[in-house]
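The structures come next, written out as structure tokens.
In what follows, chain A forms one complex with chain B and a second complex with chain C.
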Partner chain A sequence: MHSFGYRANALLTFAVTILALMCAMASISDNLNHPTPTSQVQVLNINWFQKQPNGNDEVSMTMNISADLQSLFTWNTKQVFVFLAAEYGTPKNSLNQISLWDGIIPTKEHAKFWIHTSNKYRFIDQGSNLRGKEFNLTLHWHVMPKTGKMFADKIVMSGYRLPQEYR
Partner chain B sequence: MDWQGQKLAEQLMQILLLVFAVVGFLTGYITGSFQMMVLTYAGGVVLTTLVTVPNWPFFNRNPLKWLDPSEAEKHPKPQPQQPVSSKKKASKK
Partner chain C sequence: MDWIGETVDSIKSLQIRQVLTQAVSLGMIVTSALIIWKALMCVTGSESPVVVVLSGSMEPGFKRGDILFLHMSKEPIRAGEIVVFNVDGREIPIVHRVIKVHEREDTGEVDVLTKGDNNYGDDRLLYAHGQLWLQRHHIMGRAVGFLPYVGWVTIIMTEKPIIKYILIGALGLLVITSKD
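Take a look at the complex of A and B:
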């Protein structure tokens, strides 16, 4: 502590150490938040449903996705990444997950939304298993904090079924 | 900066930074704004720097008491008796 440089160095080191501690505390404080998100998806129309020349089934559909993810946001949240996946089992693969739509929610104000859309990414099965297939639509999200631990969770919505015939 | 001043500067720095950290964290958490926390703390760090880093007069209230030069002259340092001969011996060795 005898010279200007020594004091400046000691202060800077201590200040940065404390800043790291504050960031850790901010991350820990995220655990106090118990989110209660809700979401609903309606499949409005199967636009077309066909077998590709290589034998894989492909579906195009129009959906209405609505969700309220406001409770995921805390003071330490930078953004939330959210995606909707179709999930179903086949004899070959016990779980297939196909991302149909995704989005980035930058602020709490944008976290309550609904969107009328056809699937953003192609819904293609590895094989020909989709006729009459019952599937779940699952809304997954990843909460990206400003500092610290990332959280991920999902809402499973079941009871969707594809038509028996190609169209 | 004297000895007492150095101790004071170190303690002031640690206490001020900790206080600003607690205040910053609470303001940030209550207002729900991470940016608020960082800005409060940054302000605190700047203030602490201004208080503890420069050599302010109040860090020099307990100067060391050196002997008066006239007092030192009354008790001269013991000089070697034959500096020349000792040098020669040293160089021979």
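Take a look at the complex of A and C:
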């Protein structure tokens, strides 16, 4: 009963149990954080706006994105993945989500940022519905923990509109 | 050397009744592991509730050897979610993030485009030839939870099978020789 093997086994089991408990507690403690992030996006310019030969509308724009996501960071946060998506409905699709820009925030110090950028991924519609289209810009974030459950939320900013004519 | 002698002695002194008990308890361990796995499949709705990250394409979020817990609910797929998908003609499922979603008005079907956080371009190069979008049936689940490093055990075992056999052998010997 008191051989080396038994003791090693008991010790290992105990250590793993404690480790698992601590991981679970770290993950649960994330629920105590009530973040209050803020964000603002301005569309500065429509660089170009055209219909592709295959009939899909494509637009390129320049934006100012500013956000303060510092309150998302807790001691169990490894990084925050943040992205800005254009969201709109068309007669064919009830929802279109197109990521325009994304970034990884590694630390709390970098979580308050301001960026001037054109869209990193192509803004292409499925079809030709973008002229005069009203759309939302939504800032989404996914909090990746050091261990445990992942969190996600968003801020919807509405009232953006594309031009009536191609340019 | 005593230890080996004792082991040999205990193997010699095996009784048929004892052997049967050992076999049953070993069977219990194996079946309970299977039961837990199948129960997880039912609860999460995903055909593989736990996956190990094999590539660095989602770094620095997920590293090689991390474990992801998957969930497959009826809820629609949305941009930003990390999904695990199978591409026709590829054996190993891929864990990447959704960057574009187009959901049909009438049928509710989705067209999804994915990208690895650490990759420069989107995943169209990884998809089957000529495939532009992923559909619902390609997606095995979405990642909901995360546990670092634990997956190294399986990576080491698949890449160095000898270690697996040594481990199984040692465990087997332990079960046979244990007398409680």
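The definition used in the following text is that the second predicted complex is superposed on the first by the 164 of 167 C-alpha atoms of A that agree within 3 Å, B and C clash if a C-alpha of one lies under 4 Å from a C-alpha of the other, contacts with A are read in each partner's own complex, and residues count from 1 in each chain.
Basically, a contact is a pair of C-beta atoms (placed from the backbone, for glycine too) under 8 Å apart; a residue touches a chain by one contact, two chains touch by 3 or more.
In this text, all values refer to a predicted model and were calculated from it rather than measured experimentally.
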{"item": "Which of chain B and chain C A:Lys146 touches, first, second, both or neither", "value": "both"}
{"item": "Contacts of A:Ser29 with chain B and chain C, given as first, second, both or neither", "value": "first"}
{"item": "Which of chain B and chain C A:Pro106 touches, first, second, both or neither", "value": "second"}
{"item": "Touching partner for A:Ile115 - first (chain B), second (chain C), both, neither", "value": "neither"}
{"item": "First, second, both or neither for A:Ile46, with chain B first and chain C second", "value": "neither"}
{"item": "Which partner reaches more residues of chain A (counting touched residues only), chain B or chain C", "value": "C"}
{"item": "Which of chain B and chain C A:Ile18 touches, first, second, both or neither", "value": "first"}
{"item": "Chain B/chain C common contact set on chain A", "value": "1, 146-147"}
{"item": "Residues of chain A that touch chain B when the two form their complex", "value": "1-2, 4, 7-8, 10-11, 14-15, 18-19, 21-22, 25-26, 29, 74-76, 146-147"}
{"item": "Residues of chain A defined as touching chain C within the complex", "value": "1, 5, 23, 27, 78-79, 81, 83, 85, 89-99, 102, 104, 106, 121, 126, 140, 142, 144-150, 152"}
{"item": "Chain A contact footprint on chain B (complex, rising order)", "value": "1, 6-7, 9-10, 13-14, 17-18, 21, 24-25, 28-29, 31-34, 37, 41, 45, 48-49, 52-55"}
{"item": "Contact footprint of chain A on chain C as seen in their complex", "value": "60-62, 76, 78-82, 97, 99-105, 108, 111, 117, 122, 143-148, 174, 180"}
